[in-house]
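What follows is a set of structures for review.
Two complexes, one shared chain (subunit A), two partners (subunit B, subunit C).
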Partner chain A sequence: MKNKSAGFFEKDSTKSVISSLIAILIGLLVGLVIILIANPADALEGFLIMLTGGFQEGMLSLGDVLAYSVPVMMTGLSIAFAYKTGEFNIGVPGQYYVGAFVALLIGVKATFLPDAIAWLIAIICGGLAGALWAFVPGILKAKRNVNVVISGIMMNYVGLLLVIRGVKTFIYESTGAQSLTVSTERAIPKFGLDVIFEGSSINFGFVIAVALCIVAWIIMNKTTFGYELKATGFNKDAAKYAGMNETKAVIMSLVIAGLFAGVGGAIAYLGGTGKAIQISEVLPPEGFNGIPVALLGFSNPIGCIFASLFIAYINVGGNYMQSLNIAIEVIDIIVAVIVYFASFTLFIKLMLDKFRNSKKHKTLAAKEGGNK
Partner chain B sequence: MDYAIEMLNITKEFPGIKANDNITLQVKEGEIHALLGENGAGKSTLMSILFGLYQPDEGKIKIHGKEVLINDPNDANKYKIGMVHQHFKLVHNFTVLENIILGIEETGLFGKLKNSEARKKVMDLSQRYHLNVDPDAKIEDITVGMQQRVEILKMLFRDNEILIFDEPTAVLTPQEIDELMHIMKELISEGKSIIFITHKLNEIKAVADRCTIIRKGRYVDTVNVADVSKDVLSEKMVGHKVNFIVDKDEAKPTDTVLKVDGLTYQPKGANKPLLNNVSFEVKKGEIVCIAGIDGNGQSELVYNISGIEKPTAGHVYLNGQDITTTSIRERNDSGMAVIPEDRHKHGLVLDYSVAENMILKSYYKPEFEKHGFIDFDAMNAYSDKLIEQYDVRSGEGSKSIARGMSGGNQQKAIVAREIESDSDLLIAVQPTRGLDVGAIEFIHKQIVKHRDSEHAVLLVSLELDEVITVSDRILVMYEGEIVADVNPKDIDVKELGLYMAGSKRGIGYEK
Partner chain C sequence: MNIVYFLFAQTLLFAIPLMIVALGGMFSERSGVVNLALEGIMIIGGFSGIFYMNFMQTNDIMHGMPLLFTALLVSAAVGCLFSMLHAFAAVNLRADQTISGTALNMLGPALGIFIAKTLQDGQQNIGFTNEFRISSVPVLSDIPVLGDLFFKNFYITTFIAIAILIISYFFLMKTKTGLRIRSCGENPQAADAAGISVYKIRYLGVGLSGILGGMGGLIYILPISTEFTCSVDGYGFLALAVLIFGNWAPLRIAGAAFFFGITKTLAYAYGSVPFLAHLALPDTVYKLIPYVATLILLAFTSKNSAAPRADGVPYDKSKR
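Let's turn to the complex of A and B:
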């Protein structure tokens, strides 16, 4: 190692961050091309609005970015956490939705609970519901070696249809063909966040989400439990040989992942902003949007915080583009393209390594050529 | 005579370690050139550079006198360089044939594989060199020894002219090694050139024409093998004199630690038991060795004792306690340590650091766990101590990722972890596989020391030298049964070979 800066750039974490940034940049460029094609007149202005959207209306926009990041932060964390033990938790949308339903049910119906704590209990129960939903693929994987992707997808649809049934039975609001929503008194409190981010929809849920990411990071990197989970993810055979209970590790990682997804759903629907469960057989997009978050964040819980903030920022910016009469569908496509390319981080990391090697080699070849 | 390959003044640096420092290797056409060096001396790095896996920082490579750049293994292939790697590069769920043709397969309409010609060529080669490989067997179903033959076939199939054998004999039986030596001599008589990487001085003396020795990444010497003795070679390699005879006192066996009683194991789908009514005991203060040709049930025996598999019938007792059905963790806690056969699959979490691997079986114990959190300071201190004690060499000490270490040092790390767990029973499966004489001497000493401090050792080995010099008692396994129980003092290699081949049975083990 020749000097400190070379060491810094050789570090794996630095490479991860750099490749994430490059991926984002490529995504933005492709987004720009699309907007140029779709709406050349307003393209540049629209693109600028999107880029600065998160600060468009000062603290209000920023607060919205933070609020918007919570659901994808939690679903991203869910996928990242399960991925550490080598499992792909595609069942996130189901876990998220079940969590949302249980939380709403408690928020709306459990009137015996005082307002001050109802939201907290609703979030906890939402998380437990998500955990239960993830437990099923977990136990099937551990006991019967059923592929988690298959059972996860199944549980998504079981969850979706059960939630619709549940909403219709217990918390139906027939005029809007959707669920009832929590009143502002029973929503997640803001604890002064509404003063800082005046007018935005942010609430204490954001703090909970960030805290859970940090807790997940600590579990993964500092505890014996995390040590077991990672060992199982890296090498199941060696973990078993060392006497670890690798089936338990798989179940626990999925259950905890489900808990995060469930909490995400609970926070999303307990905001007191009128967000309701729709009676339509469509899985919530926040679930699958967790996948790019986990990828962009390199399956690192702290990475998920920043990745979800980025995706939220682009989404909020996209919303402001509507002021230019750009069709909402075009905006959706642009946002999707950016997110899509942003997920190429791993690919870019590989390319970076390759580029570095070939550059080294070329200078070597040049040197040798000079010697001749 | 011209040089087939010249690697001139090669230097390659990795973070924290200079793997190759100005090394020169010149291989003549039609010779077997041995490359000798300790674990981590930089042999594998040098060969990886020749094979295009790494680029050198300095130095140049000439092939038949012409300077070349080898950017990747495809370039190496172009120059007809082939390599059998120490850790095989095979696709486990592909068949032998599929692995051999991988990358150069011929296809017909719509990319349909045309295998018939390839199959014929493979069968011819297999027969010609007595490799006895079944082209339709899946890699995951065949033994390590067989997998290596597939690697050799892969090179032969590609008509390579310059063949690199990276520690090829480590996994072979004595007979197979003899056969391999014949094959190698036949190959050079057909004009091929061979680079033979090994630690085994006997083999160098047997087949190699010349030998280049490197130590700690530096060039030491190139010698004509016929002109030097084994002692000189080993001294050049390790830098000091080496004792080939294991120095140990008479065993004084006391209490029984491991008792295996009527162990039978027949996995689902197998048409005969892989272990058939195996019974034996291992006492405190003795080293009992399971000898046998690879694939005669030794692996299954260890799996059943260590708890990876559950026996069909019979019992296993540890310190008088029946542990037949207990979990692996319980077995470890009640005094069993295992140096596994496959260090990559079972021995290490390759993506973990050395320190994390050192506590793989003890991370939950109070020394390393405080209120559910890992005590990283304690972990690093313990790991540093073991690295020092067992001379585990790596770029960044405890922080090095296990994957980046040389095979020998990975093995030393496992040996350190298992012996230092201070368990009543140590099961060591091929503990010196792929190690150099210096490291072998060291590990044998550790095993004997472990025995002398009131521990029982069950050694499973394919190396006859090791079987005879280290053990106090030899059990020979043949087709899942124990066929002889002999004292190493009363037996020579030839007789042991007869037992191993199944043509003789010991007293008390008659059919």
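Let's turn to the complex of A and C:
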């Protein structure tokens, strides 16, 4: 047991990665079976396109993967961050949407800001708006013991309705029943990324998103504050007994989570790609799509980067697959199955332990047998 | 008086599905399994019921009340089957119930749309003809006030829902099995020691949430549309809110559902209420009322919230 490889496989994080990989494998297999049933003739070709679609058109596809990953990376990070304190931040869609609205409002209307910094201020304000939206469930939980899931759901609808009202009042594009969009000069700059990933819609927002994930990881794992958050999530009463302010921990974890979601919304709508807020009372799907990202990344900020890239990758592949008349919803099914199996992490880990132990026993038994 | 009848009918359209689905969630959570999957269960239930209806109507096999009742059975059965995925994860594999519930919420609409598109040549929406509204019943409709409230232009599902409420109350509060469900949600170790199979009871709880959730999906969509788009507009999540707001108790859930129904009706029908129409407030204000009012009420009532103590905690026999 002293050798290095055994230690590697004993590590909890290794087991998490292995169980996630098993979940992904099962999800892909289920996807393949479903495609086979629905469209046997093109199934294998379609499945291959899905798996390789992220490289279909070289750097363009790869750039699209990176661009696609940004909003779900941020909403995933938001959920992951709050989950560490034991709260399920289901209010992400609302936080994401108010962030998007405030950012668009500044991007379009605040013409007194020079083009060079308008996008940055818009992103910061979008993040603050998201934080404010998460503050409400946070303070209601801390002061009045209101269940965060229900207040989050309510704040989603409040946010949605106010955003629609706000768009209609301030930044309405009357011909298309949607909001105005930022001009390319005021959009998030590309800083050369458009040269590397020619033709794709990637911009500097991707770098910001990855940087925020790393910052979140540092807060979580390298600061006293992060330790307090985790301790509160692990055992609220023990944390309080140890002199930590558990009220503050709950509020701050949700506010920071909301900030991430708001930044995600801001980046998604400041790309200068014509993405606009629609006048329809439907919550943005990017919010809920953050949930699988957080879960697949085992609520680890760095895990969220990889999980969002994976989800983006198979979605871009799924887009190409549609040319074969295979409905793109098969991607959602695959992701759902992966999440379902990811929920057994504990079980799969136990199985891995059992497997290793039985192997250990066998080798021990073999040794003993040899000695006799 | 007509305006009152109109508002009442509208309130029922919102409140009835919320109540049924929240009652379903109640059985699951009182047995100790958190059920975030209500939205997905509603969608898959609504999908299968409507799909069945579409098939029966276009092929002219069955119509009217027999069709409605069999469609409800189809929705309930498929919802139950679907919820078993959650039960298996939560009970046997001791999964994180938030995660497996989320998985079902994603799987429901994805599966529905995928099947619909595959079977209907890329067409996502499933159409149906609403032939289930009963305009009047002899004798009953002539009762003053009550006749107008309940027996004119109504859906039989309203009465089914009321029956479900009464049965749910007696089942959970007055029967042996009901007591067992409650004990498994409060203290599964003690229940197990008393010889109750915690696993079986939790399967029962989740299964009931699947049955009621599936029926709720169909009941929600029937009166308000003529096609199903594999969405129930977040009603599963609202039902979850109603469940928590109703403090996991049948009668309070009914109250919470009706509170929500009334505020939502006012939000969309304020124009036909002279007093509210004269205020001339922006429509957003009215639409916000259900959500803001719920938040405020929760802020005042949550201090003594009575969530089942073992709600969401996987039961591990070896830890007894």
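Basically, the second predicted complex is superposed on the first by the 324 of 372 C-alpha atoms of A that agree within 3 Å, B and C clash if a C-alpha of one lies under 4 Å from a C-alpha of the other, contacts with A are read in each partner's own complex, and residues count from 1 in each chain.
Definition applied: a contact is a pair of C-beta atoms (placed from the backbone, for glycine too) under 8 Å apart; a residue touches a chain by one contact, two chains touch by 3 or more.
Treat the numbers as computed from the prediction; the structure is a model and nothing was measured.
J.: Scan A:G271 for contacts with subunit B and subunit C and give back first, second, both or neither.
T.: So A:G271 meets neither subunit B nor subunit C here.
J.: Looking at subunit A, which partner touches more of its residues: subunit C or subunit B?
T.: Comparing touch counts on subunit A for subunit B and subunit C gives C.
J.: Examine A:T223 and indicate which partner it touches, taking first as subunit B and second as subunit C; both and neither are also allowed.
T.: first
J.: So, A:G205: does it touch subunit B (first), subunit C (second), both, or neither?
T.: In the superposed model, A:G205 contacts neither subunit B nor subunit C.
J.: Give one of first, second, both or neither to describe whether A:G317 is in contact with subunit B, with subunit C, with both, or with none.
T.: A:G317 sits against neither subunit B nor subunit C.
J.: For A:P189, using the defined touch cut-off, is the partner it touches subunit B, subunit C, both, or neither? Pick first, second, both or neither.
T.: Neither: A:P189 stays clear of subunit B and subunit C.
J.: Do subunit B and subunit C land on any of the same subunit A residues, and which?
T.: On subunit A, no residue contacts both subunit B in one structure and subunit C in the other.
J.: Contact residues on subunit C for subunit A in the complex?
T.: So the residues of subunit C touching subunit A come out as 36, 85, 89, 93-100, 102-107, 109-111, 113-114, 117-118, 122, 233-234, 237-238, 240-241, 244-245, 282, 284, 287-288, 290-292, 294-295, 298-300, 302-303, 305, 307.
J.: Name, in rising order, each residue of subunit B that touches subunit A in their complex.
T.: 15-16, 55-57, 60, 67, 69, 71, 306, 308, 327-329, 331-333, 338, 340, 345-352, 356, 360-361, 363-364, 368-369, 372-374
J.: If we count contacts the way the header does, which residues on subunit A are in touch with subunit B in the complex?
T.: Within the complex, subunit A touches subunit B at residues 1, 7, 10, 222-225, 227-228, 230-231, 234-235, 237-245, 357, 360-361, 364-365, 368.
J.: How about subunit A: which of its residues touch subunit C in the complex?
T.: 34, 38-39, 88, 90, 136, 140, 144-147, 149-151, 153-158, 161-162, 164-165, 282-283, 288, 291-292, 295, 325, 327, 329-330, 332-333, 335-337, 339-340, 342-347
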